[in-house]
Structures are given as structure tokens and as C-alpha cells.
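Here chain A shows up in two complexes: once beside chain B, once beside chain C.
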Partner chain A sequence: MEMPRPLARAVAAPQSRGWSIPDSWLPHLLLGPALLALAAVFAYPLLYSFWLSLNVYNLTRPPRFAGLDNYILIVQDPRVWESFAVSVQFAAISLALQLGLGLGLALLLARVVLFRGVIRTIIIIPLMLTPVILGLNWRLMLNLDWGIINYFIRLFGFPAINFVNDPNWAMAALVLVDVWHTTSFTVLVLSAGLASLPEEPFEAASIDGASGWQMLWYLTLPLLRPLFLVIVLFRSYELIRVYDIVFALTGGGPGRLTETISFHIFNRMFQGFQIGYASAISYVLFVLCLVWSIVIIKVVGTHGSQE
Partner chain B sequence: MVAISGAEAVRERSAPTVVARRRRKFNLGNAVAYVILTGWMLFTLFPVAWLLMSSVKEPQDVFAMPPQWVFTPTLHNYEVVLGLTIPTELETVTETTAGTGMSPFPRFLANTVLVAVGTTVLALGLGSAAAYALTRFYPRQRNGLLIGVMITRLVPPVVLIIPIYVIWRNFDLLDTHFGLILAYLTFALPFVIWMMRGFLLDIPVELEEAAMIDGASRLQALTRVVLPLAAPGLAATAIFVILLAWNDFFYALILTSGNARTVTPYIGGFITDKAILWGRLYASSAIIMLPVLIFGLAVQKQLAHGLTGGAVKG
Partner chain C sequence: MHGRSTSRRDFLRLSALLVGGTALLSACSSSQPATPAAPAKPAEPAKPAEAAKPAAPAAAPAATTAPAAAKPGEAAKPAAATGKPVSPIAASGGLKETTLTVIIFSGPEADAHTRLGSKFTEYTKGKVKIQVEEGGRGDAYDAKWIPGLQAKTTAWDVLHDNANRFLGSGPAGYFVPLSTFMKDKELFDAEAYNNEDFPKAIRDVFSFEGEQMLMVQEASGMLFNYRKDLLQKYGVPEPPLEGYEWTEFMGHLKTIQDGLAKDGKTDVFPLLLGAKKGAHSNHQIVMPAWARGGEIYDGVKPVFDNEHMVASAEMMVDLIYGKKFVSEGAIGYEYPDVLTGFSTGKAVTAFQWNAAAPTFLDASKSPETAGKLGFSMLPFFKEKGSKINRFHPSPHGIGVSTYSKNQKEAFAYCAWFTSQETARDYVTNGGGSSGRTSLLTDKTVLDKNPQMAALNEVLKLQHPYPNLEQYNYIYLNILAAHTSAIFSRQTSPKEGLTKAKDETIQYLKEQGVKL
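Now for the complex of A and B:
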């Protein structure tokens, strides 16, 4: 495919079968380049980052080895843990809303027949849009003086809300934008699940006189559980790494109320140039992410074996 | 309310169709479903419509209060952004980066296109070859390698960006197109491997074996039998990679400054409360969003599959 020409010819040429090495080379020629690329952009940077995390380094002077000092510093640094807390809070609220709203919308969508395709297409539009752009768009829409949302709020006789700068509203604004942006991911995945539900259990249940509520609670939701876990896994990842929307909407403010962990590490890195310390925090984040995904995958695994 | 209608949906699906059809004549639950879905669609569409509408307003009307609902659309903002018109003096004065007066947007847009295409070609070439190898060869090492690829997808970008920034700086890759493409491989390559593996698993091995019995070499079987069958999968995967690269803001913000700067960090730079620039922000955003929408709608059938990297068929 992307093989250099001479190599491709070398592999294709020996149809005489007298010289059979190229055919056995093919797997390595196919896999090798990708593994080299992954080593260059993943393995090397991750190892380098770990080394950096053991140093004090600010780009101008050569790194000074400091052992585990950075990690010890993290434990005593409330700013780091506050940022972790902000991220977890944001992820939890956002995810809960998206699961609830997404389930509701997916069930409604499965119910309607007329225009279902059109509705589905419209619902998933935000999912494709550039996050930083939609973040900025919402920032302007939520603007205190000229924002269209506050225009409507005033129109209905309520006092305008300073969404982005009011400590009580900044997180809500962030959640609002994320819900707008990605709830359709939940709808999409659950719709795929609803479409492939087996019919027999539902027929049996309706013969036995089960109510709609009972079927939803005892059949639909348990059957959808693997998909809920997929959603939780993927969304929690996206939510923990969220940067663009925070940058565009609140810039981490007011104060540090919406300073998520990604944002925090970024600031340490590119405003303070505390490269070593930022690397150490990011390593802690990486390990926590790994642990979290192992937990989720274990849950999926045990569920799968029960089925 | 929502849950009730959902439960009824389940019942209705399993009920005999005749009954279902008779019930559909007028059904309160259905009406409620349409009302709620319409409400959500309005919520979804309004910000997009507002953005598009604002992009065709005169600069001073963009932030007019009360908002103008009826106005004569103008392409002024687009002309300024695309460098067809020198901005009016009012705008130039307030813009901090005012110097030449010409918009840098076209150059940044070219960078975005170049980097997105470069990433797609490289990731698709390397990734689909690897995906093929991981479906047909290496039976013993396969699972370990796949888990390794999976783990790379679990690394948050902010973890990678620090060492990548320092390493790229040492290798003079900062602010180069190739440097940004390499950084994009961190998400594009694992994505392609997983996506393409799903598509390639669906192609029966027997077809290749038959070709090889007929005298084709392994490589010929790959290029003449597998490749044409995998073409739709390749196309869908390519579109996803383009979308990922196109929408990236994080890496571009850090790894580029002038030469290789893409559009997203440029648009991010509009963050200012000087409302006068909003018109240009909206026009730039609309130009960026259009291809994304077209591409996105083209792959909407595979969207669930693509967004979960093959975890969900749909």
C-alpha cells in the first residue's frame, strides 16, 4: 500500500517460488513501519516524560536531577488536587446528564417512525463540530451584555446571568456546552443498541402482562448495560482530557473554579515552564486513567461472562 | 415522561404490527415524543444557526442589542477573512495583530488542509498495513500488540504534549507541518489500526487463499483482492482521520506559531471582549465548519462505530 516501490517489487517478483523469503517478510514489512512510528510518537515521549518528571527543568537551564521531589511536591500541592476535583466534578455531572438525556432521547427516537432519519441526523450535528469553535460561539451567546441567551432571559423578565464570570454559573456553563456538544454520542450508541435488542424477551414479557415501566427497567436497561459501560469509558476519557472548551469558554476561571486537570498541567507547562513538575502531574494523571480504564474493562468483562 | 414514552416504544415494537398501526392513528405518547424531539432539535440547531446568521451580518450589527432578526445579509465578513477585501478602518484599529491589514486566514486554512491530508495519508498507509498484519499474521503476538495499541489510546494528550514539545524543540520540528503531522499520528495511527482491523476482519480469508492457490503471491492477494474489498472501510476511516485532524486545537496551539499554524488556534485567538471582531470570528468558523459537516454527514452511518473505535457496531 504505502510501501516504497523497490520493496513492493522485491516482494511481488519471486513468483518462481525459488526464493521464498519475501513472502515471509511481508508481515514484518506491513507491521514494522507502524510499530516504529508508534515507538517514535508514544514510547519515546512517554519514557522521556518520565525522565523529565524526575528533574527540575525550565527549558533555559539544563535539567537538574531531583529524584522523586516533584512527586512529593504533588502530594502537598492543593492546586493539583483542586484541579483533579474540578475535572472529576465536571466529568461526573456532565456524564450523568448525558446518560439520562441520551437514554431518553434514544428511547423517543426508537419510538417515532416518521422523520426518524432526519431527526437523528440533526441531533448528531454538534458531535462533528470543531470544539474550540463551538466553545467560542457559546461564550459569545452567553455574554452578559450582548449574548443572545441573556437577551432571552431579560425578555422573560429575569435578571441577566454572567454565566462565564459568575462563580455560581461557570461550571454550569461548561456542563451546558458539553451536554450540547456530546449528548448525541450517547443517543447514537444507545440507538444502535436499541435497534439490535432481541424481540423474544419483550414478547414473552408482554404476554405475561408486564407493564412498559417493568419492561424498561427489567429488560431494556439490563440489555443495554454493556453499551452504557462503553459510553462511560469513552466519555469519561474525553471529559478528563477536555481542554478546548475550557480554553474557549471560561479560560479556567473565574479564579480557578473551572481549571480542569488538563488545563492546570498546560498552565504549569507553558506559563510557568515547570516542565519537570508538569510531567510528574501528567504521569499521575496517566496512571489514574489506566487504573480507571482497567476498572471499567473489568466490569465489562465480568458482565460479559455472566451473559 | 420520557421514560413512559420509552417503555411504550418497547411495548409497541413487540406488539403485533396491526395493533401498532391502528394505535398510531392518534397516540398521545407519540405526539409527546415528537414535541420533545423537536425541542431538542431546536436546542441543537439554534447555536449553529446563530453562528451562520451572525456571519452574514454587518460587523457592527453582530452584537446589536436587541438582536436583529431581519437584515440584509452581507458577505463582508467572508471577504475580509478570505483576504478579498481590506478590512474597514474601524476593524483594523481594534485588532491587536493589525499590521498588514490582510487576513492570514487563507494561509492558515491551507496549513489545516495540508496537515489534515498529510496525517490521513500517513496514518492510513501505516495503520491499515499494520491492521492487515494484525488480522492475518502473528497469531501469538497479536493480542499483546493490540492491547498495546489500545493503551496508546488511553494516554491523555496533555501527558504527551509535554515531552513532544521538548523533543520536537530539540529536533527543530516545532512550527513545521511535518512536526504537527507526527504529533497527530498519536491519535490517528491507533485509531486507524483499530478501525481498519474491524473492516478487515469482515473480509473472509478464503478469498485470499483462493487467489494464492491460483498462483498469486501474498502481496498480490493483498493488493488485488483485499484492497478493493476494503476500499469503503478505508474511505470511512480516512474521513474520520480528516475530521480528527481538522478539529484539533490542542496540539496545533502548542506546536505551531506562524509558519505551520492552522486555523483552529487562529480562531481561538479571537478570544477577546472586543466585540468588533465577532463578525470575522463567525465567518472563519463557518468556513471551517462547512467541510466538517459535509464529511461528518457522509460517514454518519459509521459514526457510532468510528467514535468508539470499533467498540460499537452501528
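Now for the complex of A and C:
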């Protein structure tokens, strides 16, 4: 019996008239407007500011092309490197504390059964606050004469501490405020990571008689490595370019002890009107941050892949 | 789907959806009109966001160093209001119909414009409306104002500026010289306005190359505030308007300190002042140095480490750490902290800006100090007397933007707002001090604002500044860093001021300034 061959009788589809767009073009075309907007508000200012960095440009005089003069001046300017060192010091201490504290809180949170959601919400409240408001509030709380922190310090019989203005304490005050503000970010990320860890390695380790500390050191931390990378990258960028809490809390003082690189750039730009020089410092900072990112990704990423 | 092309119809359909969606979103978002002139919150002189009361600036070429400056005690020429309109064409409705945008510091300065703007509309017979755009204060204002003017924005017609920023903005050409408009008799009645009512030193602050660019809206000064009740309690006589002599003042502070100790008031200090890094840490050293007859510049060359500056720095540090008349916390205090501390009774006397006085005098805001305060000038040194130019004023002005398309109207507004009649309103209601001598000595103003008598004297004794464009940056970033280090005892006064001088010289050389 001859099999029906419907397809044989099918009439070929007419060829479409006019043009048609390949599928591969469509995403690009649809993204076009957004990319144009991005180019206008991001790429253009970036390129323009790079151009400014090649000029000696003070508000009151027209710009004068100077090539790499600004960059050469930066290398010789001790104030730039002093403020960069302040930023690095602040970032390193703050990050270390946030990682340690964040991990501890995340591990504790993982063990909590009752009211975990409520506790988590309370932990992330500081993250929602504006840094400037935080800085101002903490400045009031840390006030030597009428701040609440010193009130309790005196109550316990100790001498009051001039947190914000004492050279020995000013950096500590900044770190305290930042750690209080952003540790919850670390807690959130690591909590999510802990919740997604596989159970089998821990069961196997438990059967083999591993202690809690051994499981933490040999299993938990290595498995969380990618998240640590994310935290270190994100936080280090934010810490290096911190401005708002410095402005609100210490004003860069006492002296220049807490004058971060962003603070220095801002002052050069908006008080000194040295637009070209400030742009150049920004680019130097950008390159240094880029190098740092590459190093971190290679070190942590490579180490992780080897394991 | 693999290999299937998107047809023209599909593409057009998708595009239409996108465009429609974008249009819908745009229609749903609200535009943001600038704040229209409307009854505003009560003018509150407290300036919480102001990081520092900036140094007054160098009056551009009109003033050089002290000898050429406003002579000590040079008074403005007050005159009674003539009753005539300061801008005849505006008052007769002859201006074109338009809306002016005023960009100004947030705070009491803006509040006055917001509150009074509608009155200008009435003044111009409905022709000119006012929109007030608050630009934040200090650095926040810079961050908005400078990029806008760099881009030659036409969005603003009237620009506000203060003394230290004018050092840069004056030469940058952002303002139209006022003489351009002042010679038009229909637009400006010089007699009715009486520009001479402002001390010359203040007008010079806003001048560039001999041309006045801004009209003075207000001028502040640091005053000596004292609790009459506590001075009386501890047997200390009240100071005269010119202030105490420093040696006498130290003796009084000791008497107060002993009295407080006897009363067990360990949390109250004889004196409260702000010495936070920035303008304040400088002012507390520089003003006493000027009172000693010292200078901080020789021409444009910094001489920060001269004997008068060193002596003043040593004296002020000793007040805090040696004699303990001032809390150690003061090295981190500025305007808001001194306002808070003094209004809550944490000090018997204070060095504080005049803008705080309305708060101190208001029983609802400061029950501890209301009705108990007196004001005088800061202490002076016997050798030089009280009539020496020894104060840092902080004037604010408004002017016409070079890029405005309504320059005539903008000028009329500036003239009207700073006229004696209008200024009386915001002087009385806490929007500023105006700077007009006639108002600062007016009985009705003084009854409500007793601090104006002292302020009037302070404004006559402003110290002029060098014609140095970099003055503001040097003052707030170089000298301030080192005076802050001195106050926090990271360095000695001599060493700190020498480092400040050396760093400034290096900076000026980099900027191409011939020393």
C-alpha cells in the first residue's frame, strides 16, 4: 500500500517579500537605545575626564594641554600618596573586620532556628541607612562632652575618649562606623552561601570524626571562597573610594590622619578648582583599583581552581 | 525557531511596543519644577549642613593687604529708606514677563528668597515670577554650581555666592558686572538703593578688577556670646561692645572656672568654641594673630609662622590643654556643635557666629539661654587696641548670571531683594544680617536681634585678604590641616605653621604664582 505522502503534495511556502532581520541582530537592535544612553552618561564623561587629565585646567583660565605633566606631578606629590595610604589602611582594617565579623554572624545565623527572619532583618537595618546620616549620628554619639558612648564610658569609671579628634582614635572611629554600617552585606552574602552548601561532604566529614573547627577550616571556608572573592572585590572598591562618612565624621582630620584619596580629589576639584589635576588623580586611582582586582581574581580564583 | 529570521512585521511590532512603553513611562514620571516662591518654613538660622564657615576671601584686586584695605572703623553711610523704588521700571510693571530662577545655598538664605519671592511678583505688577533652587551648602553647592556654570547653563538667572568661592567664580566670568545695570536710571535708582549703606570692605569682597559683581545679601561675623546670669553669679563684669582685653578675659575665665568647680558643674566649661579642621581651626588662630597686629600673607607670600601666629596658636592650645577653660572636644567642633553645646548650657561663654543668636534667644528652642544672653566682639589685645582689622566675616551675595537670558530682570530682583525695605524683613525674621549698617543700628531690629549691635562693629573691622586666587584652597586644605594638627597636638605650633608655610609656597609655585 502506498503510504500517503502529504509533504509531497505540499505547496512550497511563498518567499517573503522585502527584507527581514536575522535573529542574531535583534538583541543588539533592542539594546541599542540603552547602550546609547549608557555611552552618553558613562563613556563620554569618562573619555572627557581623561582628556581633562591631560590638561592644566583651572576654572578661571582656559585649559592648556600638558600631556602627562599632571601624572608626573602626581608621582612627586606626597599628599596624593599619603591620602592613598590612608585609604588603603582604612580599607584593609575595615575589610578584615567585616569578613571576620560577617562570617561569625552568618555561621551563628545558620544555627538559629527561631526568629531567624527577624534577626536577619535587624542585622541588615544598618545597611539601609545613608552614610552621611550615619556619620552625623555617630559623630553625635561619639562626642566627647555629651555623646552617649562617653556617658557610659564615664559611668563605668573610665576617662572619656575623644574618638573623633584624638589622633590615636580617629581612624578607629571611622572603621567602627563603616563596619557597623556594612557588615550586614557580608552576612547576607555568606548566609546565602552557607545555605547553598552541599551536605554530603559535611556528613562524610562527620562520619570520619572531624571536629567543628576542622569542618570549618577544611570544608566551609574553601567552599565559600568564590563568595569571599565577591565580597572582597565589591567592598574594597567601596572602601577605597569612601567619602561620605569621612566628610560627616572627621572632615579628614585631625590633621590629615583620615583624609582619604576621594576626599583629597574632591578638595582639589571643588575647592582648588584644579579640574585637570583632580581628574588625573582619579585615573591613577582607577588604574590602581584595576590592578588590585586583577591580582585578587587571579590569586583567589587560581587558588580556588587548584583545589 | 533556529534559523528563522525576524520578519519586518515582527520587528516593527516590537519597536512600537518599546516606544509606546517608553512614552508611557515618561508620561507617568513627574517633572520637577523648581520650588516656586511660597510661604516657607520659618527662617532657621542654624546651619546644620555647613561644614565650616569658610574663610573670607580675598577681595579681589580692590583690596590688597591691610594698609590698603578698609581703614579701621570705616563706617558705611546709612541712610533712611527714601521710599522710592530701587528699580523704577520693575515697580511700574515695565519688565518683560518671565520667571527667574535663583540658585542659592540651602538654609536661611534660601528660605528668605522662597518666602519673599512672591512679593517681588507683586512688586513687578505680576510680570516676574521667582523660582528658588536650593543647591545644598558648601561643597555640595560647589558640586552642583560649578559644573552647571562650566556648562554655561541658562537655567539659572540669579546666582548666590559667598566670599571664599568668589575668589574663583569672580575671575571665571560667571557674573555680569553690576555697573552694566547700575548706570540705567530706569532700572536702578542709586539713591534709593544706597550701596554705601554696606561697609566698603564687604562690597570689595565681591568685586573683581574694580567692578562689583554681587550685591550683598548678608554678612556674618563671629561674636562673643555670654550668659549674663552666670557672669553675674560668678562676679564677672559684662564686656563692653568692643569685647574684653585678652589678659582680662583670661582672668575672668579663671574666675568662672573656679566658680563652676565650686558648684560641682564638671560638665560646664567657661568657654566654648569650634576648632574643627577647616575654617574653624584656622579662625581660632588667625583672628587672635590679626588682633596682635600680625599678618598671614606678605603680598601673596605666606608668612604663617610669624611670631604673632605662633603666639596665638600657643595661647589657644593652652586654653584647651593647659588651663582647661575649653573642652578638648572643641578641636572637633564647628558651628552646629557650638550651637548645641551653648544652647544646652554647657558653657558660660562662647565664640560663635551671629547666625546662632536667634536660636539662643528663642525660648522654645533654647530655654537655657533665652533672655539671658549678651553679645560683644571677640577679645582684643591692649597693645593694638580693639579697632584693628581682626575679623573674618562671611558675606553672601547675589548677582546676575552671565548666561542668563533675563539679565535685566535678574538685576532688578537682586536690587530689590537687597534693598533696605526688603532686607529689613529677612533681618528681622532670621534670614540673614543684610550687612546694611542702617539696619544693624535700627532700634526695631535691635530690639528683636540684640546681637546686631556687635555684628555691626565686627563688620567694620574685617581684615582684608590678599589678591590670591588660590587663597580658599590654601586656607581650607593646607593651613587648616596643619592648624588641626596643632590643635590635636600632633605637632607644635611653630613646627605646624612652618610646615604649612612651606607646603603653601610649594603649592603656589606649582600653580605658577610668582612669589
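Quick notes on this structure:
FYI, the second predicted complex is superposed on the first by the 267 of 307 C-alpha atoms of A that agree within 3 Å, B and C clash if a C-alpha of one lies under 4 Å from a C-alpha of the other, contacts with A are read in each partner's own complex, and residues count from 1 in each chain.
Here is the rule we go by: contacts are C-beta pairs under 8 Å (C-beta built on N, C-alpha and C of every residue); 3 or more make two chains touch, one makes a residue touch a chain.
Owing to the predicted nature of the structure, the values given are computational and were not obtained by experimental measurement.
Once the two complexes are laid over each other on the shared chain, residue contacts for A:Ala37 go to chain B alone; chain C is not touched.
Once the two complexes are laid over each other on the shared chain, residue contacts for A:Ser262 go to chain B alone; chain C is not touched.
In the overlay built on the shared chain, the residue A:Met141 is in contact with chain B alone; chain C does not reach it. With both complexes placed on chain A, chain A has more residues touched by B than by the other of chain B and chain C. When the shared chain is aligned, chain B comes close enough to touch A:Ser282, but chain C does not. In the superposition on chain A, contact of A:Pro167 is made with chain C only, not with chain B. When both complexes are overlaid on chain A, the residue A:Gly253 reaches chain C alone and has no touch with chain B. The interface of chain A with chain B overlaps its interface with chain C at residues 22-23, 26, 29-30, 33, 59, 145-146, 247, 251, 266, 270. By the touch criterion stated above, chain A contacts chain B in their complex at residues 1-3, 8, 11-12, 14-15, 22-23, 26-27, 29-31, 33-35, 37-38, 40-42, 44-46, 48-49, 52, 59, 103-105, 107-113, 119-134, 136-141, 145-146, 148, 151, 180, 184-185, 188-189, 191-193, 195-196, 199, 202-203, 205-206, 211-213, 215-216, 219-220, 227, 230, 234, 237, 240-241, 243-244, 247-248, 251, 261-262, 265-266, 269-270, 275, 278-279, 282-283, 285-286, 289-290, 293. By the touch criterion stated above, chain C contacts chain A in their complex at residues 1, 4-8, 11, 14, 18, 51-52, 139, 142-143, 146, 150, 168-169, 171-172, 267, 276-278, 281, 327-329, 331-332, 337, 340-341, 344, 346, 469-470, 472-473, 476-477, 481-482, 484-485, 487-491, 510-511. For chain B in complex with chain A, the touching residues are 2-15, 24, 29-30, 33-34, 36-37, 40-41, 43-45, 47-48, 50-51, 63-67, 121-122, 124-130, 132-134, 136-138, 145, 149, 151-152, 154-167, 169, 182-183, 185-186, 189-190, 193, 215, 217-220, 222-223, 227, 243, 246-247, 249-250, 253-254, 264, 267-268, 270-271, 275, 278, 281-282, 285, 288-289, 292-293, 295-297, 300, 303-304, 307-308, 311-314.
Against chain C, in their complex, chain A makes its touches with residues 16, 18-23, 25-26, 29-30, 33, 58-60, 73, 143-146, 162, 164-167, 247, 250-257, 259, 266-268, 270-274.
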